[in-house]
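Provided herewith is a single structure, encoded as structure tokens, for subsequent inquiry.
Letters A, B, C, D, E and F name the chains as they come in the text, with residue numbers starting at 1 for each one.
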Amino acid sequence: MIFQNENSFEVKEKIEKSQIVILPIGAVEAHGPHLPLGTDNFLAERLSERVAKKTGAFVLPTLPYGQVWSLKNFPGSINISNESLINFLFDIGTSLYEQGFKLFVMINGHLGNAVAMKEAARKLYSEYPDLRVLYLFYPGVKQITEEVRDGKSAHSTYFHACEIETSYMLYLAPEYVDMSRAITDIPTIPPSADITPTPWEEFTKTAVLGDAKAATAEKGEKIIEVAIENMIKLIEGAKNGLK
Amino acid sequence: MIFQNENSFEVKEKIEKSQIVILPIGAVEAHGPHLPLGTDNFLAERLSERVAKKTGAFVLPTLPYGQVWSLKNFPGSINISNESLINFLFDIGTSLYEQGFKLFVMINGHLGNAVAMKEAARKLYSEYPDLRVLYLFYPGVKQITEEVRDGKSAHSTYFHACEIETSYMLYLAPEYVDMSRAITDIPTIPPSADITPTPWEEFTKTAVLGDAKAATAEKGEKIIEVAIENMIKLIEGAKNGLK
Amino acid sequence: MIFQNENSFEVKEKIEKSQIVILPIGAVEAHGPHLPLGTDNFLAERLSERVAKKTGAFVLPTLPYGQVWSLKNFPGSINISNESLINFLFDIGTSLYEQGFKLFVMINGHLGNAVAMKEAARKLYSEYPDLRVLYLFYPGVKQITEEVRDGKSAHSTYFHACEIETSYMLYLAPEYVDMSRAITDIPTIPPSADITPTPWEEFTKTAVLGDAKAATAEKGEKIIEVAIENMIKLIEGAKNGLK
Amino acid sequence: MIFQNENSFEVKEKIEKSQIVILPIGAVEAHGPHLPLGTDNFLAERLSERVAKKTGAFVLPTLPYGQVWSLKNFPGSINISNESLINFLFDIGTSLYEQGFKLFVMINGHLGNAVAMKEAARKLYSEYPDLRVLYLFYPGVKQITEEVRDGKSAHSTYFHACEIETSYMLYLAPEYVDMSRAITDIPTIPPSADITPTPWEEFTKTAVLGDAKAATAEKGEKIIEVAIENMIKLIEGAKNGLK
Amino acid sequence: MIFQNENSFEVKEKIEKSQIVILPIGAVEAHGPHLPLGTDNFLAERLSERVAKKTGAFVLPTLPYGQVWSLKNFPGSINISNESLINFLFDIGTSLYEQGFKLFVMINGHLGNAVAMKEAARKLYSEYPDLRVLYLFYPGVKQITEEVRDGKSAHSTYFHACEIETSYMLYLAPEYVDMSRAITDIPTIPPSADITPTPWEEFTKTAVLGDAKAATAEKGEKIIEVAIENMIKLIEGAKNGLK
Amino acid sequence: MIFQNENSFEVKEKIEKSQIVILPIGAVEAHGPHLPLGTDNFLAERLSERVAKKTGAFVLPTLPYGQVWSLKNFPGSINISNESLINFLFDIGTSLYEQGFKLFVMINGHLGNAVAMKEAARKLYSEYPDLRVLYLFYPGVKQITEEVRDGKSAHSTYFHACEIETSYMLYLAPEYVDMSRAITDIPTIPPSADITPTPWEEFTKTAVLGDAKAATAEKGEKIIEVAIENMIKLIEGAKNGLK
């Protein structure tokens, strides 16, 4: 169900049957010495494929560029402004609607995209009320994450290149992880980071927010499987709600 | 030299050394019964990898969505407006410049992107005069194409899902081609298509503009190798011109 | 220190001395039968005055319109788009910077403004690196809120016209509250509300998300005093960090 | 009839009954030594309340920021661009229309807002033809002003912090006026000020354009009562014209 | 001194010598039965040529499209939005500045352009402080117009296709006037036209606001010569003020 | 059939009868020592008049400013951005549609306008599907040009101030040509000019791309007559296709 592998003679009928399309969206962003710049892309893509299989959805090609304001001054990061990203996602959604999809699911691997995805979804909602748009970022994993985590967390909301995200990668895309280079770096994030523009170079040199050494594929599996299960439920719920 | 496989600890030095970065850009677009929707993405990506190897450039993740106005009403097409695409490319270019690249090469697999790429390049030129930006779409293949072509061409400028583009795919990405379904369809494109907005459904039902059956990997090789050679020359030329 | 009560002959010197300016920002929005449409304006304004006294800051006139997407279909709500709000806040910040302020503090009474405030702050940060911009929404009250709360909460993040917000009003602006009309309404917010555009009329008829009857001025005092204390700390911290 | 004091349970019915809503709009702007920065806000607000009482209209919270290009370099001024102001007013008008109002009256205290208000009104007219939008700035007071004025006028169109505006304040908001500091300053405004961008610092140091000492509450009363009467007539006229 | 008749080998030196450039700007707009749609273009152009001769300025090709909101529903009118017009004028001004001009004079034949011209001038002033920009619309003719006028005026500010404007044409461009078809039509413009969007079809069927029959070349001459004299003074004044 | 010479009492009926309107669009741009800056305006205008006579179309006033990126640093050039030009053309098209025209033909004298014209046409097509928009730039003259040309051509697509364009002028607007100053300048345009932003000062000092001395009115006539014939055919074809 890889959308871009389909041909135009048969895809229309398949769209009508499936109704659901998933857009993986990630970023190119610094992730420390042991994870690649494309970490969020690999995660979004692998998650999307897994979810697609279970829901009969199509998977679009990954949008591999996202809003990377906080880490944009780190080596390798590429930053798209919220405004550009919103418009780009809106255009994709418009075409998907015109192609006949009823349910447009964005599966996100990068927290920085959240604002643009929500805003694009609202604009699509306003323009095409009968297109349902979902924006998903590891939904419902708070509890399992707390259970799984051994190391300390640098922040209550952010996780980045740490025990958690590295575990995701060890489970979903281990071929891109070099655990021999994993580090433990638990920076003190100043409270002001939540209330004033704070590029991350102000508190970390590594872009790692935690104990990457504590990561394991098993930990990743536990959280990711919950996330996938929740995504499936949310998609099925939305599908049932379609008119 | 896959950029997103790099890590943030080492990439800075490598950027300084390489100076060159390639963005493959394609589209999701109807390409008839024998070619996939992602044809332009596969071509842009494979070309970019080939060119990167010869020039020591980095290859960015493919931007897999483009301007698909003419075919947007065909099954499977996804259309980004010129305006959205220009802004997105400008943001990417800005980050690449800030990351230290000196030469930003867009390798295009889809003619419809040409206007946005050129406009983005001009905006980048105006904003960052010491960043060199190239936009490449099979440069310098006119003569070899005419030599290679057996079938008739539907249009002097466009080629689409035809003998030529199918040959490209047979050479660069044969696993996505189903020659058993290739067709010959040489529509009469009305002269007015060049001077008034003309969605392609007005003159073709298949989105194939020529004799796809006449495609061979050998033909593809002949043209593509010329294109690659020219791209390398243009990149080397631009590199030599860097201050 | 009410800014608009100052005159232009003396204000310049006072700005140089104070360096800090607070913009209260709220919204006109449905808040059930017992709270006025201007609830978020009254809260932002009273909070700002309190904080200003302790920090020597100026208080600007309240910006009484905000982003009210979720409740915009409820009687009395007025909605400003994120885009318009960002530009408006950016213009205010530009003038404040040109007037000589070093620290621009937005004190927010309405969660819906958070995205626009953060985006405006980032744009100002990029344009005027030596202007410090803070966006504050009851910072650091999570723990005290959980301690104080008697009733059930409808959502882990949102609070609206409920035990908590009504308590704020009873403490800060009791003359606008009609407790005789307070209601208990704890709607079931569907999990999908976090992942798809969900106007609140889909799950509540009253716009009250909790037990407004349980509100008291004492509860409000406990939380608000913590919020004020935290705001002062954050402002003092930022002031000390000024170059 | 203070809109933000209403609650969402009753306001809908009241909107249907009243049909009319007034937005006071002013500015934060230098007004010399005897008048506060918020002069235009106080005037717009007091006028609006008076007009509302006579017409059964709702009064919205004052929009206290306006286009202050000419005086933006004076201490205390805050300037919103025409573009930002137009969009903000358009959003407010859209919500008012969706809320059921038929007649949206902007009562302006600051000449600099005139262009944005008119443009916003035209955009609303084009988008919502059955919403009537009025923009009022002391309508029909030319003759009475000439009768009342004792001092010299610096300009045929502008009046600012002078005999006239100070008289307005003495009548409508005397608690903000410090007549002991009123000055007489009748600058020579160069004719070129009407035909080329001319920030006011080019011809005045005080921002006072006339003889503020000549101001009296009685003068203010005479003009303001004519303005109010005319506003009421215009509103009643527009109300009668509603479909 | 017709700019577009110059060649690029000599124009640079001439620009340095002249320093002044005039842009005539008009509109295509209904002007009744006796005047052509291009009336405002002919007037702006002829005025510009006259002024250029006296000031040694270059005259640019006329921009023959303007903001025609009020009459846009009349046969033959073409309307450019303020936003488009501002951007277009800003681009022209930018090029003129880069070409070396010091004084950019817009001579306007159509009142509806006034807002866009002023806004464009302010944007240019902000971006290129050493470019002086003038926007001229029959400056200083109020008194002479009142002396000359025999017929009644429909409005204190507007004049359109009436005794005055027809006299202008009889003096400056008589070959376009058909006095045998001139009419007298003095509509009652409702006072509300000044305070609410009012397309002119609400009060006139002819687009003539006065007694066109009373027009004479002599009347036109008297007013136009005053306007020209004033324009020359303003331009000379601005030229003397150049750094 | 000069549109701006018409009056508003009769033009409506004439529009209904003609249905077709032509907008000449050119540029102010360096054209060497022998051709004026307004060359593209003169050509567009004369062509339009000729075509109008044969098709019964109206001719609008020439839009004399265009996109002149490549030559904007040459003396005398005035550059409008693509964005501004698109919006301006869109506004004109909107009015023409509202005025009752069915066929809007842009006759272009300047290659640089091509992108904006096509984009504006597509936007108009999308907004007003029953308005037909044509953008014409010497259609179908490739073969005759090759036959006529004696001198060498500097580029396969561009022609500028050379044998060809000078011949156009000698045929259509000889009074603006000074052949005594014509030069031969065949610059080597680097291949990179097609794939990277390349202002023309990088390869020419004269802005002449060929042998202007070889120009004759006869050559111009041969090509121009073919162009006119083709334009008429395309317009007639489009007219027949109107619903």
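By definition in this document, a contact is a pair of C-beta atoms (placed from the backbone, for glycine too) under 8 Å apart; a residue touches a chain by one contact, two chains touch by 3 or more.
This is a predicted model, so every value here is computed, not measured.
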item: Chains contacting each of chain A and chain C, listed by label; value: none
item: Touch-network distance, chain B to chain C, counted in steps; value: 2
item: Chain whose Cα centroid lies at the greatest distance from that of chain F; value: C
item: Proportion of interface numbers common to chain E and chain F (over half same, under half different); value: same
item: Chain of greatest Cα-centre distance to chain A; value: E
item: D-E or C-D, whichever has more C-beta pairs in contact; value: C-D
item: Equivalent of A-C within the choices A-B, D-E or E-F, defined by over half of its residue contact pairs recurring; value: D-E
item: Distance between chain centroids, defined by C-alpha means - chain A, chain E (Å); value: 57
item: Rounded Å distance between chain D and chain F, as computed from the means of their C-alpha atoms; value: 49
item: Approximate Å spacing (C-alpha centroids) for the pair chain B, chain F; value: 30
item: Touch-based graph of the chains, sorted into line, ring, star, complete or other; value: ring
item: Chain order, ring traversed from chain D with chain E following; value: D, E, F, B, A, C
item: Complex contact set, residues of chain F against chain E; value: 3-12, 15, 28, 30-38, 41, 60-65, 68, 72-81, 83-85, 87-88, 90-92, 94-96, 98-99, 176, 178, 181, 206-207
item: Residue numbers on chain F that touch chain B, as the complex places them; value: 69, 82, 115, 118-119, 121-122, 124-125, 132-136, 139-140, 191-192, 194-197, 234, 237-238
